[in-house]
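Shared between the two complexes below is subunit A, which has subunit B as its partner in the first and subunit C in the second.
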Partner chain A sequence: MNPHIDFHALAPEIVLAATLVVVLVADLLLPDRERWQTSRLATIGVLAAFVPVITLAVDGADRSMFGGAYVVDNYALAFKGFFILVAYVVLLMSVDYISEGDYYQGEFYFVLLTSVLGMSVMGSARDLVSIFIALETITMPTFVLAGWRKHDTKSNEAAIKYLIIGVLSSALMLYGMSLVYGMSGSTLLTDIGAFVAKGGTPPLMIVAMFLTIAGFAFKVSAVPFHFWVPDTYEGAPTPVTAFLSVASKAGGFAALVSIVFVGFYPDKGAWQPTLWVLAAASMTLGNLTALRQTNIVRMLAYSSIAQGGFILVPLAVAGESASAANSAREAVIIYLLIYGAMNLGAFAVVMALARRTRSGEISSYAGLMQYSPGLALVMSAFMFSLAGVPPLAGWFAKFVMFRAVIDAATPAAVTLGVIAAVNSVIAFFYYVGVVRQMWLQPAPEGTEDRPVRIPMALSSALAITTVVVVVVGVYPQVFAKIGELARLGG
Partner chain B sequence: MALNQFLILAAFLFGTGVYGVVARRNGVLMLMSVELMLQAVNINLVAFSAFLHDVSGQVFALFVITVAAAEVGVGLAIILLIYRNLGSPDLDRVEQLKG
Partner chain C sequence: MNWFDSWALTLAVFIPLVGMAVVLFIPRDEETALKTTALVATAASLAVGIAILFRFDYDKSGLQMVVDKPWIDVIHSRYHVGIDGISLPLLLMTMVVTVGCVVYSWNHFPHPHNPKAFLALTLLLETGMLGTFVAQDLILFFIFFEVVLLPMYFMIAVWGGPRREYASLKFFLFTLFGSALMLLSFLALYWKLGTFDIVALTELGGGELVRSTQMLIFAGMFVGFAIKVPMFPFHTWLPDAHTEAPTVGSVLLAAVLLKLGTYGFVRIALPVLPDAAREWAPWIGLLAVIGIIYGALGCLAQHDMKRLIAFSSVAHMGFVMLGIATLTTFGINAAIFGMVAHGLITGMLFFVAGSIQERYETREMSRLGGLLTQAPRLGWIFGFLCMASLGLPGLAGFWGEFPAILSSYNPAAGVSEVTFRAYMVVAAIGTVLAAGYLLWMLQRVAFGTVKDEFKDLHVHDVHVPEWIAWIPLILLIVALGIYPNLIFRVTDGSVGHVLRAFGG
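Coming up: the complex of A and B.
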């Protein structure tokens, strides 16, 4: 019996896989001076992979393969498109960083694209085995990327902390998955959903669900599984940090949403409390620790933990009713899209300024408005957007999150909503702290007067993210539409 | 066939692995402890697979074995780097990043 293979549905992955092989071979064949060409090949490949995503979206039919283990529906396409665009922006951010250091250019793009391939598969995975494989394809290259600066002990430390916690969380998740398989008798999420829907979930199944969710909590860096985040973000090369904070985290959320909504959904008592605690703890601890950071990357690391908490909020209340589930799924997707744009943008500014100051301290942003007003304005936009100030995109992300809470309207949901609201206020202080440094503090003595020179690729990355943050803030319908369309097929 | 014996063995192995990761400070031993945890998963999967007469558990176990090998490859490479730069596989010495 031959399995039915739909090549159109697999086209984005096929293009990505072909690209990464071409990049690796080109790196082998090109002379040293021409190695930078590999970045061009990678960029072209990533853009080419976006084409089938569009044709599949236009076609609109849900495609299912391998007995339902691999599904291409609008939900999958929304994530695929998002991951591919994030990869494109990260490539733009990496080009100069990688070619200026002694950083094995070809291999860098090869490893980065491998991770993107895993993400693309993750959007479609609807089976424990394919979710596991996709997750490992995402994570394992990022261990290597985090330790990319081989001779820098900080980069080594970033890699080892990430690796140990990463493999530990995979093992926890797998143990949970093995028990889920044993209880329900199938690895397919739809079959697991049918088993859970029968009611009378055995206690071991609840333990199994808890372990599985805990494994994903590491990937989305939720408290109390967040210890690796600040250290890894600080030690890893900055473009890699941007990639980890957006793409890798969104990969974890893609899996969490499909597992929770398709697999565990019917027994809300088994998974809602876990997610509730994760969301509340991530928001509160992330924000309170971010307040006292002096390094911009560490501050953004804690901010990303807190933002992860905000994204967990709609998931934690999704089980209350069908309409709550609907708006929760929309909220997670819209929040991720917006969070991706604003966080990538913030990291692009950090990289641009670090080229001049060689420093990651927030105090090094003092007086940026005097000598580089453009960069200061863009950074202010990202900071206000992360804080959720209208008319920048961040407010809409917060809005859809609170809408999901209101749709659920149970005491637990409302309590979580209040915690989220208090946290939005706390978060405002540290984001505005950066803006205050740039606008109100004088530049340190001896600062050069001319603006920071930003390479072409990095400024394109800045331009793309700024446009998204501003346009979506003013016309949120653009992303609201994607959220509505992205229904989750079986 | 008694399923429980296999599940108890797996749980014991898993617990040993968790203890190893938490208690050991040597990078290589920590990786080996994670391997123990993954083998516990494999025992679970194969036992359930035989019990349920369903092949997908065995397929899952094969994937877990493959991925575990890749994980150890990457892990040992990173530990080797640390050993070269710091002269020791002891991860307590790796503590520049704090806050």
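Coming up: the complex of A and C.
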């Protein structure tokens, strides 16, 4: 008997897959002058993929396929919608960067979309095999993207480092997964959950859980699996860096949340300590290292490690009670949505300014307020949002994180909460450092006294992210509702 | 209830924000358009404020003009705004002072000029300040409280004096630290009592909370508000921030921002956790009188006018906090009067100090002198303000200080009488010191002869924009001094209502 296939449920992936084929073929057929059209095709395809996400959300029914390995519920839809919108913003950021750099336009969009396809699958994957395949579909194209600037040695270094550590962590994770399968006898997360719930988890299972989580720690760039991050972020083309720091990271979290909540959840003693250590180490090390950075991209790289740590905090306390689990799930999703907007925005500003200054140093932001006040204002908003200052969206992300900690209310949870609070204050210094450069320092000698010219697509990306950061900051209900609705099906 | 009653507060709070949005879209070179927009926005907000004054029911003690709409459902936080006799005077004072600031700035934008950014920040600041006074939900209160932070940081950091970077960062970090603790306390309240609604929390009056928990939560809020007031020993950011801030920044800081802290005590800390307040009251009173004496002694050691006025703020806010610490309606009525009086008088003092600096390009009192001969009108205004500030009967300052001292003779039930009577004596000595440092400043700046270096300087007496900005404030100082019931009548009922847990 053929497996039941629900085409409506698969529609987002089908549209994405069709788009990337069209992009590839168009790139082959179009003459050189017309190559930029591929970006337009990719953008249209991504927006088209958003339509079925909406129709599925309106429909509301949970759909399950392939014996429960592939589930389309609100949780999956929240992530699919998020990934697709992030891809749209990243496309807007890439258009001028890629066409001006003469970097194989068609292939770029093809590879980028492949990774987005993997993410879209990841939201639905509820089985170790489909999770692994989705994860590799996300990661493989990003190896290529990181090395896109072929003639730049930094870009090569970025790709190689990313590849080696990425493959290593995949191996770790696969080993862990195979052990999990060996003991529970199933790759389905629900079956694994039932096995763990029976109690008496064998010690080897704890090792297996540890290895699996460690593999994801690489994806979400948690300390100590973060060594690739600064170099890869700095060397990769900036739109790719933005993509890695937001979409790729969120992909890792999507999988981690489903594995932890559906698979490992009943035995909290086995996975909470690992996540606790990852969270505490990522926040602390990420922030302390970010303080010392002079390059804006490296600073944002360490900041994204620290932010990843903040997102791990609710996960690390989720096992304490049903209410803690609920607020932890909401916290992770809301934090990711908000983090996505503000981090993409920050990278969009970095790109806009780099067009003028050709520099990635934080000191090159000096005096931005004088000659490009709009850009300075927007960047200040992103920085303060990342620091968690109300009324910009970041405060609500931090707020839901602390709420999860308070709901768990164990000594370990409270300790982690205190570590997070101290880190929020540390983080404040380096974010405000950028703001101080822009507002307080005079512009360097010989700076042209006219605003930075920003291409249309890039300014749309800036506009979208700014609106999200401001609107969600003032009316967080928008995202809170998504977090509340996005319950995990089995 | 008609349309106006339900939306007046929202209008008053957000008109400045709309004004800011308009300002952002006007090109930087259209200075007149920018200034007019800012003036129209602040004046429109004031007009709504005056309309509220007429619609307000002075015989009702509870909240009025309430709007209560869902805002962030998942955490049960609501857009709940309302006004009572405690908020009303502060709200109106804020509006009047902000209009004054915009008018005063008309031709006085400090270096590096940029009126567009300056006015946008002023308008954003006004929204934050007004919102804090009407918010009736802890999270809403917190957001408005924080909205104030950023514009003031930038005002000091960009338009400030030579040590602006240090001062602005210090201001920011102190306040941020305080608000982090405050937010933790709010969360703890929510976690224990299940709501962020200030009215509901006041009804509960601490509810079933264990005493030790109450004490801890109160301590968190105390630090948050005390930093903003600022109370000794959290005051060290204030002299730096005041000294470095541009004139308008200093005025708003003194007139309104400090009041957010004391207002927080009256609106949130005391009514929500009355038992903890009773326990902490002697300690708050102690810090208040230390502040009075320390601030006064600090004043006597200054040679910079603005720094002296900043330290005098520490002392004056000490009187306000002493009134609050008595936990009596009498003391808290006095405290609210003190807040308004200090806002008007010290705000004006900073205006005048800014004008003097603009004319002489110094605030060193040893270099100044003979202001009365060179600019008699400015000199007389300055003298008038010193008199008002030292608490001369018949002017507003008196009604803030004197009842606060008097109220500590008889603190609320459950608070040690002996302790507060001792505080009363110390505070009384503080008034003598206040007279000392203010007259000393007046003497050095306004009396005597002009120093040689300024002999040939042409000093313009009070400008037209200065007159327009100052006259309303001066009239209010006189009017409130002669007829203090203008405020006491408004506040009395509401104070009794909010603090019913202390038995009136």
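Here is the rule we use: the second predicted complex is superposed on the first by the 490 of 490 C-alpha atoms of A that agree within 3 Å, B and C clash if a C-alpha of one lies under 4 Å from a C-alpha of the other, contacts with A are read in each partner's own complex, and residues count from 1 in each chain.
Just so we're on the same page, a contact is a pair of C-beta atoms (placed from the backbone, for glycine too) under 8 Å apart; a residue touches a chain by one contact, two chains touch by 3 or more.
This one's a predicted model, so the numbers in the text were calculated from it and none came from an experiment.
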| item | value |
| --- | --- |
| Subunit B versus subunit C as contact partner of A:A480, first or second or both or neither | second |
| Partner chain in contact with A:A18 - subunit B first, subunit C second, else both or neither | neither |
| First (subunit B), second (subunit C), both or neither touched by A:M456 | neither |
| Greater residue coverage of subunit A in the superposed arrangement, subunit B or subunit C | B |
| Which superposed partner A:F132 touches (first subunit B, second subunit C, both, neither) | first |
| Which of subunit B and subunit C A:V389 touches, first, second, both or neither | second |
| Touching both subunit B and subunit C, residues of subunit A | none |
| Residues of subunit A touching subunit C in the complex | 330, 369-370, 373, 384, 389-391, 395-396, 399, 402-403, 406, 421, 424-425, 428, 432, 436, 439-440, 474-477, 480-481, 483-484 |
| Residues on subunit A engaged by subunit B in the complex (per definition of touch) | 128-129, 132-133, 136, 140, 143-144, 147, 150-151, 153-154, 156-161, 163-164, 167-168, 170-172, 174-175, 177-179, 181-182, 185-187, 230-231, 234-235, 293, 295, 298 |
| Subunit A-facing residues of subunit B, complex | 7, 10, 14, 17, 21, 27, 30-31, 34, 37-38, 40-41, 44-45, 47-48, 51-52, 54, 56-57, 59-60, 63-64, 67, 70-71, 74-75, 77-79, 81-82, 85-86, 91, 94-99 |
| Sites on subunit C touched by subunit A in the complex | 28, 70-75, 112, 116-117, 142-143, 146-147, 149-150, 154, 157-158, 164-165, 169, 172-173, 176-177, 180, 184, 187-188, 191 |
